[in-house]
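Going in written order, the chains are labelled A, B and C, and every chain counts its residues from 1.
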Amino acid sequence: MKVEQANVLASVQRLIDEADIKRVLFEYAHFLDHNEIKSLTELFTEDCHIAYGSDHGADGIEAYQGTLENEKFGVGAFFAGTSHHVSNVVIDFISEDEARVRSQLYAWHRYNRERADGILMGQYHDIVVRTADGWRIKRRELKTVGTESYHAKGDALNPIPRRTQA
Amino acid sequence: MKVEQANVLASVQRLIDEADIKRVLFEYAHFLDHNEIKSLTELFTEDCHIAYGSDHGADGIEAYQGTLENEKFGVGAFFAGTSHHVSNVVIDFISEDEARVRSQLYAWHRYNRERADGILMGQYHDIVVRTADGWRIKRRELKTVGTESYHAKGDALNPIPRRTQA
Amino acid sequence: MKVEQANVLASVQRLIDEADIKRVLFEYAHFLDHNEIKSLTELFTEDCHIAYGSDHGADGIEAYQGTLENEKFGVGAFFAGTSHHVSNVVIDFISEDEARVRSQLYAWHRYNRERADGILMGQYHDIVVRTADGWRIKRRELKTVGTESYHAKGDALNPIPRRTQA
């Protein structure tokens, strides 16, 4: 795109919004790795929809917080540590106040029980919206590209639609 | 750099161009992981030069597409899945319409045959050019930093020139 | 943030500074992986403080360079190769000329002695300052999130403060 006097404000707005949106993705990873669930859920809208697999997810922020703090399968109960590396962020604005965001995830997990560490490689497919408090995640879908000794398998995950060789 | 009224348009142009160039790198990874070869090759110029190793690469978009769709060694034939994580993007403009781009790659590969998954860590060294359809990759060289149980080894790869201790 | 004529210069300055700061982080990774210690140390201020663990670090650029070039434990002596993948960069400006920066690291290490490759996942917590020669790192602390067969363990590392389940 050619930046000109006529579109410079809109161009800078796009860049600032993109920087702020990326920051939400990175704060999510940070709060997740620190098991700071309250701060994490503040990055989402009240009516958020989360889909991690065919029957693994949440509708609404309270349900989501419930899964993250579940005393058996929550982040702190299930994992002794995690490291979320988010890259390849691609942002498409649907309107001035809403965007579709795709990012690539490399996530390492150490379990509280005795087993090998698990790796999940995947993609976050998000809808983010501008609110009075900044950009928030309204919809987050995790699609899985591959795993290494990860606890969840097959139908519990949501695979990317990779084209198989004709 | 100090941004002033006199250089604000050029500064914003640089930032918009950098965002667009990064997007090309991320779309490449996405199409590769989805085995969407036609969409992938549209990110390159007709006369592109690809170098993955001393005798592994392609000259021109048709030759490149041929290697990617090869029925024995192509992306879909050889791999059951891949995940490409691209970070550390550094962009240097050679002119307004051409840039030198370096990025760091973590690439995971699951094979169609029975063997351990392979990891390649490396760097893309690209020349990108502005075209009527946006930024395109004109030259892409992959340099290898390290591998874990990857199928290609030694001379088939193109190692980074790491300084050995004096 | 709403970009307007009144704040457009400041907004663009922020974006240019962020791009330049990210570049310093990526150049660091690049020079480290290439064992180019002189170029690497030029990214730091003379009075830099480096903390990798409770008793592992350096005060001042000469001491830092000494650890990196140590003939037994330095980068070239200890490792046959490394690959540093830096993502999730979050930048907070303290003033126009100083910023707090956090990034996520995936670092692969191949040793010169016979042993398995080591992985370190962590976070860089940096203070960067604007100098006449561009942004430089004044303080770098590495916090460890997790490791896989890495040579350093326990107290030698500086763990992130992860909340344990109540």
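Methods note: a residue touches a chain if its C-beta (ideal position, glycine included) is under 8 Å from a C-beta of that chain, and two chains touch if they have at least 3 such contacts.
In this text the structure is predicted, and so the values were computed from the model without any measurement.
Asks: Once the contact rule is applied, which chains count as partners of both subunit A and subunit B?
Replies: Expected: C.
Asks: Mind checking the rotation angle between the two copies, subunit B and subunit C? C-alpha superposition, nearest 5 degrees is fine.
Replies: Going from subunit B to subunit C via C-alpha fit gives 120 degrees.
Asks: Since subunit A and subunit C are copies that touch, just let me know if over half of their interface numbering is common to both, same, or not, different.
Replies: Different residues, largely: of all residue numbers at this interface, under half are found in both copies.
Asks: Would you kindly tell me how far, in whole Å, the mean C-alpha position of subunit C lies from that of subunit A?
Replies: Distance between chain centres: 25 Å.
Asks: Among all residues of subunit A, which ones touch two or more of the remaining chains?
Replies: 8, 12, 15, 85, 87, 106
Asks: Using the touch rule from the top, collect the residues of subunit A that touch subunit B in their complex.
Replies: 1-5, 8, 11-12, 14-15, 18, 85, 87-90, 102, 104, 106, 121-122, 145-146, 148, 160-166
Asks: Going by the contact rule at the top, pick out the subunit A residues touching subunit C in the complex.
Replies: It comes out as residues 8-9, 12-13, 15-16, 19-20, 23, 25-27, 29-30, 33-36, 71, 74, 76-77, 81-87, 106, 108, 110, 117.
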